[in-house]
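What follows is a single structure, and I will ask about it in a moment.
By written order: A, B, C, D, E and F. Residues from 1 in each chain.
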Amino acid sequence: MRFEDLNWLDVDSYLQQDDRLILVVGACEQHAYLSLLTDVKIPLALAEAASQKTHVLVAPPINFGVSPYFLAYPGTLSVRVTTLLDLVEDIIRSAYQQGFRKFLILNGHGGNDAVRGRLYEIANQLTGIRLAWYAWWTAHSVEQVAQKHCLKPSHANWLEAFPFTTVAELPEGEKNPPFIPGLMDAQQARQVYGDGQFGGAYQADEAVMHELFAACLQDVLKLLEFA
Amino acid sequence: MRFEDLNWLDVDSYLQQDDRLILVVGACEQHAYLSLLTDVKIPLALAEAASQKTHVLVAPPINFGVSPYFLAYPGTLSVRVTTLLDLVEDIIRSAYQQGFRKFLILNGHGGNDAVRGRLYEIANQLTGIRLAWYAWWTAHSVEQVAQKHCLKPSHANWLEAFPFTTVAELPEGEKNPPFIPGLMDAQQARQVYGDGQFGGAYQADEAVMHELFAACLQDVLKLLEFA
Amino acid sequence: MRFEDLNWLDVDSYLQQDDRLILVVGACEQHAYLSLLTDVKIPLALAEAASQKTHVLVAPPINFGVSPYFLAYPGTLSVRVTTLLDLVEDIIRSAYQQGFRKFLILNGHGGNDAVRGRLYEIANQLTGIRLAWYAWWTAHSVEQVAQKHCLKPSHANWLEAFPFTTVAELPEGEKNPPFIPGLMDAQQARQVYGDGQFGGAYQADEAVMHELFAACLQDVLKLLEFA
Amino acid sequence: MRFEDLNWLDVDSYLQQDDRLILVVGACEQHAYLSLLTDVKIPLALAEAASQKTHVLVAPPINFGVSPYFLAYPGTLSVRVTTLLDLVEDIIRSAYQQGFRKFLILNGHGGNDAVRGRLYEIANQLTGIRLAWYAWWTAHSVEQVAQKHCLKPSHANWLEAFPFTTVAELPEGEKNPPFIPGLMDAQQARQVYGDGQFGGAYQADEAVMHELFAACLQDVLKLLEFA
Amino acid sequence: MRFEDLNWLDVDSYLQQDDRLILVVGACEQHAYLSLLTDVKIPLALAEAASQKTHVLVAPPINFGVSPYFLAYPGTLSVRVTTLLDLVEDIIRSAYQQGFRKFLILNGHGGNDAVRGRLYEIANQLTGIRLAWYAWWTAHSVEQVAQKHCLKPSHANWLEAFPFTTVAELPEGEKNPPFIPGLMDAQQARQVYGDGQFGGAYQADEAVMHELFAACLQDVLKLLEFA
Amino acid sequence: MRFEDLNWLDVDSYLQQDDRLILVVGACEQHAYLSLLTDVKIPLALAEAASQKTHVLVAPPINFGVSPYFLAYPGTLSVRVTTLLDLVEDIIRSAYQQGFRKFLILNGHGGNDAVRGRLYEIANQLTGIRLAWYAWWTAHSVEQVAQKHCLKPSHANWLEAFPFTTVAELPEGEKNPPFIPGLMDAQQARQVYGDGQFGGAYQADEAVMHELFAACLQDVLKLLEFA
């Protein structure tokens, strides 16, 4: 139930029985050996899995996020904080005036957190709107899976190494987390992070990844109830 | 050669031998019986076809454009002019500082034309940048194909009815173009345009669509030479 | 019926019987041998001619437009896209709250086309507003006059060489249109365009210019009916 | 020496011997019985008189200023503070990059004073720029003329009643200045100010106006020396 | 009655009997030998003295103003015009929606004058709001005190040398006002102004300062009546 | 070593031997029974304690933060995300051009986290700048103190109940954390949070608060080493 497979008449019908919309806010940035679109692909996979069970519509993803610190890694396409906030606001306002009322924003990238400030501003302005925010890697359920398997979640490590984000062979073993001397500029960040992974195992068993995905999907399904 | 299938090391390698990038600027808006993402799908298909031949990289698409006049059609997710301009600028600046120098912007939507003004501003600021703009439906080659087959190109008619944009059965026959009383607001536009098509045949022979696509692809390949 | 010849009491009276306003959006940019204000003077002349026949008020002109590509020509005073959009919006909102409802925007410059995006946004926000846009050189009637006289319309050629825009002797003969290698920055544009004319005859017979003006004036008068 | 009478070649020649530019920042707002463009006309008249003596170029005037308090008077077309600041900045930056270095801004309207803050920001950014600001009615020389003739200068009274701003018969006698209860909104302002004059004589002898104009012109000529 | 000594329940109670709020808009900039926060301290002292007599609430001060011309003096922390305008607007809108209606803005710094333009815009938008502006050093009462004691008020001279703004020993005697060659950038300003005082006596008798403060306080108390 | 106790000559001297600056970013918002300025007072107290030991300068605090969700609590003065980002940027740029190079931003409020995105943008633009960010309540050391005393840290509970933030008698006992149904608007937030505390004990022993403050101070001192 992605917009790309629908026309406006389909959405018109949908709105007669539902007013929920899932919006994926991602990023295009270095993820070590993983896809540059990792932060889009994970929440989008969750969105589509949830949509299959609930038939809730999935808006086209925002493919760009706020990643100024990774700009020295080729392929990182970062937008200013203000650009992202305006983009999210415009999309939500468009859908709101057509009758959508319950928005689940599935965020894929830590640098996008500022969006929440704007969402609160919007919530004060649009009567009857319901907004939910899910940043999957910060969820309690993710922490549980990680702890159960004695894995430490971190940027571009096993945590994000799903089959659908893996675009190259992954290293074996673990990486020592580098020392972070405060808030770094892009050049420093590339020097410090090297291949771009932030430390820990590069991959986990397929079963762990399944468990992780299933746990997040449960969270998403719960949030879609807007209880 | 889409970013989603690559990691940053791949882009790093690419930049040692090429500095071109294709950026698709689309829209999410009513296209009558066609996909809401029609204006993304067409330029993206061209980008990917061109990339297969030239190995030029294709950045993730901008899935949203400036469509305020279609906001009364459910599923149209429009952004403000300023939001789109900032978004395009941020993406180009990100890539430029990593070494990309030649940008082909494949625009899929007439409402996005304002982007060109910002591109000229950027051209004055970034030394050595080369920018090319292609709005496929305005191309001379498209006009030629249309005239050859006595078809009139218009929004959401046969012109955009490729197999990959068709998400529902299309009507037979032609539609009379409605009378347009100046610059309309969204409510008026929906009243006037009805199903959203702007007039003319709803579909054309598969062979015509092939010819059309091939003609546009030639244009894109030519532009990628940045001669 | 220009604002400069009126005081507020005059406008107050006017609003009791009419709610139309003409707004000229121009540019201050190189026009080869023609006046730097050519893009103001032509729509303003049309506005004043139409006002004489209809008594519709003419707001003071916006003397600056979006011309980043001509900035290497001395005398080109260009504003950012966003500046122009805000300026037009502020003026329209001011007049709207005083009772003006029907706005005919006479645009004199291609680079200003982005204004239309903002006009659609405004149309969605201000109840009962009517907006019409006329970019004279794109009109069908202009094409007809040009074809009739076997003249090709282009920037700063005969098309804009009215008596009131001519500030220097004009060359005889025609200019070969230069080859345009994509979207150029200001330095390139000056190199490519030389004297600033885009190709074609530098001047046309006085009778042609009269015919051209009359044709455009008819268009303007028609649009002022807001039918 | 107004831009409208010149082409870019003329400005090119000018810049080989001079780098000064006069920019008029005006307003379109109620001036009681006087022209809505009074705040453009006065500084423009000064600019042109100064130009005749010095051959310094005069840029096209900014016809709109910040007049939110007069929006309840029909014909007042006010722009936001930010719009005006951006507009002035864009114009100055355009001219600066072509070689203009000394800018005399002739302001015609008190509400535009915020422009000065932006000018200081620009002065810190553009090497070698010289900026002068003249708000004629605040000049010491104006105060002297007024005191000499026992006239009190105020908005839309004799002070601005030049022959070229007078578009209707002016009342005889004086008006009592109204009591101003703080910072008023537009509706209150119209109630309080009535015809829009702020108090004092509606007109002065022609000789006084000549003396006033001559005094201001002297100031302008002095400032154009950029000593 | 400063916000820092209150919790929200206190403000809740206050709003049941009063709807006035004092907002101090200051600056952090060179004041020669006086405190960098002089422009906050003076209006804040007035606010607190007035609050003691009237129990009107005093919002936390805005500690930064528009001082681009002093940026070459270490310790000057200047904000852009637009930043300050947005800041003041956000604060007023926050308080307005909680029931505050009468706002007295005590400005401490000349460079902040642009705020008034935004206040008029706000006044047109928020029904029933009352806004008063007091820039103490421009008050008639200050002029009277200065004239009475034959002192000339100027930036960072005796005028601002209250005990609570004095953070170092002050020079004896007077300073000759420097010659000001138009609108200067920050480097020029530091060269021209030297220690940062603009001319005149560095200090006045304690009794004069008491008289000055008392005169301003009377003005503030008068304005708080919002008559 | 607060700016308010210094003049520009003091800062000039300081910069000859040090280039560090502490900037407090706070908020003015409901904190249940605690001061509305709690989020300014805590980081400012840490800044001043650290300054006493290190003589590092403390800039004037930013007294307002991003608190849209608390706007229904009287006394909450919230600014837009963009306003805060611009404000922080302007202050840092001002100090940077005077020679400051190492900035420790002491944040007092969770809603201000978006500032970090802008800081990364700044870090990419200003050569040699060092930026550190400390949000005290998120520190590992705070977690340790809390766990040691079996206290749960939360908004406006014991965690923030220092003697200098306490402006009213505090309730005994604990509050049950309310259920939070997603991202709430201001009206909902007030209904859900009641007195404004987020759950847990209202106060802790004075010794705990000392321990907490000391732990944070150690963090700050460590960060000031910019190692």
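Just so we're on the same page, contacts are C-beta pairs under 8 Å (C-beta built on N, C-alpha and C of every residue); 3 or more make two chains touch, one makes a residue touch a chain.
Model, not experiment: these values are computed from the prediction.
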Minimal step count in the chain contact network, subunit C to subunit E: 2
Set of chains adjacent to subunit E and to subunit F: none
Type of subunit A:subunit F copy interface by residue overlap (half), same or different: same
Subunit A and subunit E, separation of their C-alpha mean positions in angstrom: 46
Centre-of-Cα separation between subunit D and subunit A, whole angstrom: 54
Chain centre separation in whole Å, for subunit D relative to subunit C (CA means): 26
Junction residues of subunit C, two or more chains touched: 71, 80, 82
Pairwise touch network: line, ring, star, complete, or other: ring
Chain order, ring traversed from subunit A with subunit F following: A, F, E, D, C, B
Subunit E contact footprint on subunit D (complex, rising order): 66, 68-69, 71, 80-82, 85, 111, 113-114, 116-121, 123-124, 129-133, 181-186, 223, 226-227
Touch list for subunit E against partner subunit F, complex: 3-12, 14-15, 28, 30-37, 40-41, 59-64, 71-80, 82-83, 86-87, 90-91, 94-95, 97-99, 167-168, 195-196
